[in-house]
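Starting off with a structure, shown below.
Labels run A, B, C and D following the written order; every chain starts at residue 1.
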Amino acid sequence: MYFDSLQAALYMDGHGAFVWAAYAITFIVIGLLLLTPERRRRRILRELEGEARRATGAPQSPAEGA
Amino acid sequence: MSFDAAGTPLLAAENLSLTRGGRDLFSGLSLQVARGQLWQVEGENGAGKTSLLRILAGLSRFGYEGAVTRAVNPLYLGHHSAVKALLSPRENIAWHPSGEADYAQADIDDALARVGLYGYESLPCHSLSAGQQRRVNLARLYLSNNPLWILDEPFTAIDHAGVAALQARFVEHVAEGGAVLVTSHQVLEVDCEVHRVVVGAGAAA
Amino acid sequence: MNAPGTAGFFLRLLRRQLVLALRRPIEIINPLLFFAIVMALFPLGLGPAPDTLAAFAPGVLWIIALLACLLTSESVFRGDFEDGSLEQLLLSPQPLYFSALTYSTAHWLTTGLLLALVSPVFALMLNLPASAIPALAASLFLGTGILSLIGCIGAALTVGLKRGGMLISLLVLPLYVPVLIFGSAAVRGAVEGIPVAPYLAILGAMLSLGIALAPLAVAAGLRISLDA
Amino acid sequence: MWSFFHKLGSPPWLYAISGSILRWLLPITLLALFVGAAWGLLFTAPDFRQGNSYRIIYIHVPTSVVSLAAYYIMAIAGAISLIWRMKMADVAMRATAPIGAALTFTALLTGGIWGEPTWGTWWVWDGRTTSMLVLLFLYLGVVALYEAYDNKEAASKACAVLSLVGTVNIPIIYKSVDWWYSLHQPASIKFTGESAIDSSMLYPLLLMICAFYALFTCCLLMNMRAEILQRESRTGWVRKLVASKGDS
């Protein structure tokens, strides 16, 4: 640890706001980059699953080959 | 002109399948177009006739399954007539972007006369009617020495006499050893065998 | 009735494009009018002081020429796409590479070349020193050729799209950057009395590279656009 | 060798293998990012000239490096899809563009934040910044072109052509922008101070560069998995996958 205290680490001789903001933005972008495709994949899976249930499990019509 | 009657088919398609928007337009479609054959592609609107023709002509190169082999680049007439309104019929044919041949002006005028455009050779095409503009394009059928014709709805906007003349031209071309593949909703009235392909719902490929 | 030679076909295609352009002269005059009008906007925005205008003139003239090329390149293939001529071109036994080059050449002859020819007039109106005018015309002469080639790539990729207008600027403008840099640097160099031949040589090199490679991309783009 | 290529072209195999790669690569990536960030933020000494603001280097340089490399990866994938018609290369190309755009954007943004405390300006038209800006536009062009096409297969082909054109142009753009800047550069400002970088600063930087490459790989694989599912939604293996997942 280079800094003596948390205060010093946050302040960074006046550069703290810039440095921490840059890191925060970067990690937000990283989070978005990782979450977006995963959410899209889940959504597609959910939709396909619903489609499959509609096709096979409809109570009125007998199940067709899925 | 006459074409070598023997040899490989001009156009062969094997196991063509096409899906558009989750709908199977056709699947497992195979055909072999040999010299001396007239083919008609049938099907309802939206059945995939134009898509099939574009695949066969080589304009669509992905999105379908199967294999197409062509002995030559076909003479393809599509929905759009490729006629420039600012050019005269003569210029349209002479400078045609298909770049098939250098035609003599006498030949061009002769072909234009045969599609009923005698006297219109040097008027700008925008002063012609829609049917006449289609005819400018059809004049290529009297000039080209391309053996393989793929024609998408060639009778659109053509009058009865024109349709009859065109069908006679098909027979002539086939008799010379060429091949014609045509889509039309009309029944072809020709005195030669017509091979049929049906696409779309209820197709027995 | 044999297929025409490659050179014969492309001369014919070029003639067709030029005749089409000449029969609708407004299409040729439009970019020149655009050049004139936008040029007139700069003194209104920057103030009429001759020194200011002269300082900005190299960049301003080059940027207007670039925009004029961009705006016209959108329509290079549009008409031929809509009436089916491009389908016929694709089925032609002639190599598409040279056809693409022919379209670019026709575009350059009807925009870039004319812009280069009229640019001295506008240069004088913006107080560009007379000594820099040959450099301006020469750099535009070479540079607009590159712009036409790049513009044709964008046009080929977007010709099948209904709303290609804005998109083509986004695709093409980043690729215009080197041309703008060297083109305006040549003019500025001439103002400062530096030899301009090296700049023109670089533009010429880029033009050669463009002639060699851009038609490949245009041909591929046209095939894709007609397939979609 | 060929069977490997063949497998690469097979969506179910790629979907399965990317899933198992992500299972270990993703945690390692996140760990490396956090360790690298903490190392750079808290454990290295400040630069003797720039002070603490230089710590932004640990995110600015890796994002810049990876965003440029990503363009080449995208173009190579595009070339493979055009030449060998490999559908999965298509998918990879399509997935790269938004990631590259996001990383380029981050690099520009962190560069600006670095510039303000260090050189007193948010933005300078220097060679590197300008090149990165052009790179961002190139990425956005690819994304916009893809979105403009309705036929997504044609869209990826068009994007492949565009990214190849961009690849030829990037060195020219970079060189010309560099030259342009050297022509206009005010001699008093000198930006490049990295030549004498201390090894205590170098190791976290290398770690972060590796971490960002790994992050790029993870994002690429995840995007590809989603895209594969979408494209293959009508096929048997996806239906089986959906059925076996049940309500998970």
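Convention: a residue touches a chain if its C-beta (ideal position, glycine included) is under 8 Å from a C-beta of that chain, and two chains touch if they have at least 3 such contacts.
Everything numeric in this text was worked out from a predicted model, so none of it was measured.
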For the chain pairs C-D and A-D, which is connected through the larger number of C-beta pairs in contact? A-D
Please flag the chain sitting at the greatest distance from chain B, going by CA centroids. A
So how far apart, in whole Å, are chain A and chain D when each is placed at the average of its C-alpha atoms? 18
Please report how many Å separate the Cα centroid of chain A from that of chain B, as a whole number. 54
What whole-number Å value describes the gap between the mean CA coordinates of chain A and chain C? 45
Chain centres from averaged Cα atoms put chain C and chain D apart, in whole Å, by 32
Tell me, which residues of chain B touch at least two other chains? 62-63
For chain A, residue numbers touching 2 or more other chains are none
Multi-chain contact residues (two or more partners), chain D: 151, 154, 157
Report the complete set of touching chain pairs. A-D, B-C, B-D, C-D
In their shared complex, at which residues does chain D touch chain C? 82, 134, 137-138, 140-141, 144-145, 148-151, 154-155, 157-158, 161-162, 164-166, 168-169, 172-173, 175-177, 179-180, 183
Can you name the residues of chain C that touch chain B in the complex? 1-4, 8-9, 12-13, 15-16, 19-20, 23-24, 79-80, 82-94, 99, 223, 226-227
Name, in rising order, each residue of chain D that touches chain A in their complex. 26, 33, 37, 41-46, 51-53, 55-56, 59-60, 63, 95, 99, 102-103, 105-106, 109-110, 113-114, 116-117, 215, 218-219, 222-223, 225-226, 229-230, 233, 238-239, 241-243, 245, 247
Inside the complex, what are the residues of chain C that reach chain D? 153, 157-158, 160-161, 163-164, 167, 170-171, 173-175, 177-178, 181-182, 185, 206, 209, 213-214, 217, 220-221, 224-225, 227-228
Residues of chain B touching chain C in the complex: 57-63, 73-76, 78-84, 86-87, 91, 94-103, 107, 124, 143, 145
